[in-house]
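Common to both upcoming complexes is subunit A, partnered first by subunit B, then by subunit C.
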Partner chain A sequence: MSRAITSILTLILLSIIVFLIIHITPGDPARMMLPMESTKEDVLEMRKALGLDQPLVVQYLIWLKNAIRLDFGSSIRAKYSASKIFLERLPATLELSFASIVLSVLFAIPIGVFAAIKRSSVWDFAVSFVSLFSLSTPRFWLGILFIIFFSLWLGWLPPYGRGPGLFYGISQLFIGDYMTFYSALKHLVLPSATLGTWFFTIFLKYTRASVLEELGKLYVKTARQKGIGELRVLLVHVIRNALIPIVTVIGLQIGSVLGGAVIIEIVFSWPGVGQLLLQALFVRDYPLIQASLFMVGAMIVVIFILLDILYVLIDPRIIYKTT
Partner chain B sequence: MRRLFRLLKRNPAPILGIIIILTVLFAALFGTHLAPFDPDAMDLSNRLKPPFWMKDGNWKHLFGTDMLGRDVFSRLICGTRESIVIGISSSFIALLLGVSLGMRSGYLGGIFDIVVMRLVDIMLALPPIMIAIVLVAIIGPHLISIIIAMGLTMWSEYAKVIRSRTLTLKEESFILAAKVLGSSNLRIVLKHVFPNIIYIIIVIFTLQIGTIILWSTALSFIGLGGVTLSWGWDIAAGRIYVSTAWWLSTIPGLAIFVTVLGFNLFGDWLRDILDPSLSKEL
Partner chain C sequence: MGTNRIKRFSLLFLCLFFFIGFSVNGLSQPKTLVIGHGGEPAHLNPLTLSQPSMDRVFNISEPLVYLDADANPIPALAIKWEVAEGKKWRFHLRKDVTFHNGDKFTAKDVAFTIDYAKDPKNKCERRGLVKDYTYEIIDDYTINIIHEKGTIDPILPAVWYCILILPADGVAKIGIDKFTQGPIGTGPFQFVEWKKGEHVILKAYDKYWGGKAKIDTIIYKTIPEAATRIVGLKTGDLDIITDPPPVEVKSIEANPKLEIRKKASLYSMHLQLRCDISPFKDNINLRKAVGHAIDSEAITKQVLGGFGIPEGSVTPNTAFGYNKNVKPYKYDPGLAKEFLKKSGYKGEEIKYVSSNGRYFMDIEVNTAIAGYLKAIGLNIKLELNDWPTWIDKFTNHKIEPIFLVGWCDNSGDGVENLFDTAHIDSPYNWLDKGGIPEVNQLITTAKTVLDKNARREAMEKANQILNDYYYYGMCYTPVKVFGVRKGVKWSPRADETIYISNKDEKN
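Let's turn to the complex of A and B:
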């Protein structure tokens, strides 16, 4: 609940900042949009047309009203709706982010549980070692290393691009076309593995700590004394309770995942929102910049609300704890 | 002192960290004078030469040359300056913002506390790169944009931890005693609260430098840095040649890795000896 409120506040603050970008930037927006030979009257007319002669607060409210309807104007470069351009590219970024989180969780849980059980053994130290190394590695560099190793030297996986995309690939499965899906997966492996390393390491640490904490708890000792087998104790009780932090960790790290996605998209030429935003930034395509920033913020809000719902589903006691 | 040596003998890892940090700082300060070549000196007859251990390499250009004939090794040494400058300045900005807001928040409470904590939650939710993009959109791709952006990203970590420590300290008997004796709030904060949290500040400062270097090199990789003599930028520039001159993108990345590793090793050790309870929060 608290996070949902924070998210909405975030969005409002973000909307104000995004709106102000054009107005803080040195230079007159009207003059920037007109050719060089324009006269003073032309500039004044442009200002009126853009609504720039109104007081700032009014301008903001008009902008906000449009923003909620996802109308940010047309991209200066592409000449059609900025939000449409953003939404076209969004699935690619979502695919990448989602895949990297799923991959990370799939690997981190077993390894984390294992490290917790074999505490202070060689395996545990190896895991800590690898974690330290992983947290010191720049992801974009790791991506390039992956490309060099797996694409250029081994030739197993494609170095760039998204291929047909996972959504299309899955839809093709239904008509019996496996190759498209396979191609989509092959393109997805390296970028999501690269993006996932940070999340994987953090998640690994949480899982290990969480399982360790659970193992020390009273109910585990009780269950052991009751004679329930070790494995059953582990699976049924310890892991389920240790899963609750998953949602927490995702919430804490989602910013890092989305931010990292922008960079990984550049490394792998992945046609997502990150690439879009950067290109817009370099050509000063303000409608597109505003649309992208605002909609990414909105997306984070939606994700937080979903996570809060998930939280309640996993552990209904949460409702009682917070009220 | 002797206890320190005994600790280090048992776990020598931080020594490596200290060596790395000192080397990197040295390179950042004196690199431009000690580098064998001018990092911007182009030599188009000598393009894309490989490092010394490879077939075509020579000892003159230890790590080879790039697409404009510039010496990779010299660029590596001089690129240290940008990373260290950003790392330390941003960490300082984060420190100033985070500690002052965190202490005030924890000590005085009230509306200020609520507002600051909401702000912290917002900053922690946003991707660091968004803040950098907003700043670059306004100011343009300069070094200062990155420094401010990183500072704004990292201050919230200080604020949260310092606030909770201040909250605990507030109830301590010596603070209450000082209050009874009539000390002003400012005096209490400076003389009593601050010395107790300085260890945490040092730990967070060291560990944050690593994270800042990771993000800032990523930002210069995608071109938001505005500086062309940097590790991130060199990695980006070398990408087109990745199939032939793979060392161009690989070696600067190794420098980043080693530097961040050094700060992380040292920072982790500092945390373990100064305040182990931090590992739960960090």
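Let's turn to the complex of A and C:
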């Protein structure tokens, strides 16, 4: 219950901050809609038509009243429900974010465990080098490099676009259409790999550190002395305990994924929320910016709640107490 | 022997059969043109869409009078237009036109379009062009357009080329919201699908009044990143791309399957000096110093990669009223320093603002100009502003004393650029005390007189006076660049839109 109240208060505070920031930033959406030769009077007329001539407090309260009914207003540019526009684009961003996190976790955790086991060996050094390179490389540049190599030179993968979409591709598998699914996967590889490199490095480092810490604990020595096999010690005891901080890091990075997706969406022409938000910012489309940021904030709050539940599943000793 | 002859004929017949079959099949292959575009439209309502996003809708909807690739007026939904009773524009409409939903086009659709655009509730970007006009429907195929003050704009048919006609009954049937997401027009291509952030698909309209297009389908793909568009062109995924950066042009030209096509734009880019405030107010020597300090030839060659034409005025060489005798200022740093000395300039800071990504290579051009000005001893402070901030300052007259700005008169006539920058009635006249009386008079003449020669003379003279006044520090006409697959029969346009006519082809 207290978590629910905190979450709601967080969202209200977020909405106030977002509202204030976008309204005090220089730039007028009414002016942006009109041609160069428009006069101040034309702009004032447009502001009135858009409801922007009202005091800020009134504008915010109208927005809040409508937001409670899940009506976030109409996009000034698209003249279409802001929440509908956001929801149309959301699946693409979720697909990209999910794929990049899954890819990075799939590689980072086994490699991180391996690096921890082979601490100070040439393998550990190689892993450190790769992670440093990945961390230092701007994702924008890496994305373009991938496009040139895999699309232009090798011709293996498409350079841009989402294709049919992974969710649709999966649904088509049930009717035996493998090509649609294959096309969706092909379109997803490069952008998710590009976005995933950053998270791969972070998860890798945390996995290595967390596993190293667990390997140094007494219960591991005890388990070995009891004759339990190394693989079982690793998989059943060490990794399970090491997962808690790793899951925390993954959860914290989910917010970054949504933010980091903006650049990747531009490079790969991925039709997601990041690209939408950037375009809305350029033209000061207030309703669309507010709706998008509010809904992203709400998603992150929900994700954090789900993470808390996940902790309990991983380690039943964790109990949440209310004070 | 007979059996062999039969076998031979059968083999010949089979060969012929397959040859004809494949040929016919080849002939009937759908022709799809794929265009890689840097921008995504906010929606598809042609009257409320901003100019840079008009590419898609220009293929779907049509105006009364269209402009050809060189911005000359040509008949579209109007076959003829004339001045009637001294103060009305009379349009005679084409009779064999249907909208994509089958409705016949008549004068009532023109009337509906004007009413829709005029209504402030519809927030039309084009409202400024129609708000002072009313109409008289003479019959189904004749309509008069009248200015409420009884004046006549000599170039109204060309100015209204971006007033694309909406279907009155079509909008009533499906509602404006649905229309905005999937428009209906009379154009050579009809709307099929819009996947937001990805593509807009159009297909040839069978009953187009000008004859069915040779291209079956157009796909406008949204690809914001220039490098990605170039890869798409090189892999064969795209047939036309917009705005390849100058550094990539050589690699496109080096590809045997690709080429660069370009067209001088109707845009005029110029370095505006605010003559209404210090330091340029009443200081022609300082303005002369700026004019002669900048090497516009080098900027257009090196910074813009040759995709710019130095000019002496804001009427580009593509527009009516261009004066070829008005030349760009001669680059002469020595002369510039002499004028600087005469101006009494004491080293005070001069603020210069650049937009960020609004115009092609704007940051690079402004940085180069600032460099030239600093080289002669001006204390220039260059600031970058994003477009919303920039246009806010511009509208409220709080903009810095030097700024680079682009004006575009899409009607193909040079008078609007002159009016917007230098006439006393323009809110964006940066001359002191409302301007130069002779220039005001000349521009008024060019805007109101019907005689073409008189208009041309007036504009040419106005441009000369402004050039002598050193009102603009530098001017250039941008050249719009496209990367194109060889075998695509399409020509760029001066208004920069990618319009695919029913005569364009792809091999």
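Operating definition for what follows: the second predicted complex is superposed on the first by the 269 of 323 C-alpha atoms of A that agree within 3 Å, B and C clash if a C-alpha of one lies under 4 Å from a C-alpha of the other, contacts with A are read in each partner's own complex, and residues count from 1 in each chain.
One rule holds for everything that comes next: a residue touches a chain if its C-beta (ideal position, glycine included) is under 8 Å from a C-beta of that chain, and two chains touch if they have at least 3 such contacts.
Source: prediction; values computed, not measured.
K.L.:
State whether A:79 touches subunit B only (first), subunit C only (second), both chains, or neither.
P.N.:
second
K.L.:
Going by the contact rule set out at the top, does A:282 touch subunit B (first), subunit C (second), both, or neither?
P.N.:
both
K.L.:
Would you check which partner chain A:8 touches, where first means subunit B only, second means subunit C only, and both and neither mean what they say?
P.N.:
neither
K.L.:
Could you look at A:170 and tell me whether it touches subunit B, subunit C, both or neither (first, second, both, neither)?
P.N.:
Neither: A:170 stays clear of subunit B and subunit C.
K.L.:
Does the superposition put A:147 against subunit B (first), subunit C (second), both, or neither?
P.N.:
both
K.L.:
Is A:102 contacted by the first partner subunit B, the second partner subunit C, both or neither?
P.N.:
neither
K.L.:
Give one of first, second, both or neither to describe whether A:252 is in contact with subunit B, with subunit C, with both, or with none.
P.N.:
first
K.L.:
With both complexes overlaid on chain A, does A:56 touch subunit B (first), subunit C (second), both or neither?
P.N.:
A:56 contacts neither subunit B nor subunit C.
K.L.:
Determine, under the contact definition given at the top, whether A:16 touches first (subunit B), second (subunit C), both, or neither.
P.N.:
neither
K.L.:
Let me check the overlay on chain A: which residues of subunit A are in contact with subunit B and also with subunit C?
P.N.:
144, 147-148, 152, 266, 282
K.L.:
State the interface residues of subunit A toward subunit C in the complex, per the touch definition above.
P.N.:
On the subunit A side, the touching residues are 26-29, 31-40, 42-43, 45-46, 49-50, 75, 77-80, 85, 88-89, 92, 144, 147-148, 151-152, 155, 158-162, 266-272, 275-276, 279, 282-284.
K.L.:
Touching residues of subunit B toward subunit A in the complex: what are they?
P.N.:
118, 121-122, 124-130, 133-134, 136-138, 210, 214, 217-218, 221-224, 232, 235, 239, 242-243, 246, 249-250, 253, 256-257, 260-261, 264-265, 268
K.L.:
Which subunit C residues qualify as touching subunit A in the complex?
P.N.:
That would be residues 40, 42-43, 45, 48, 50-51, 120-121, 123, 125-128, 177, 180-181, 195-198, 221-225, 227-228, 231-232, 234-235, 237, 385-389, 391-393, 395-396, 407, 416, 420, 426-428 of subunit C.
K.L.:
Enumerate the contact residues on subunit A facing subunit B in the complex.
P.N.:
Residues 3, 6-7, 9-10, 13-14, 17-18, 21, 24-25, 132-133, 135-141, 144-145, 147-148, 152, 252, 254-256, 258-260, 262-263, 266, 277-278, 281-282, 289, 293, 296-297, 300, 304 of subunit A touch subunit B in their complex.
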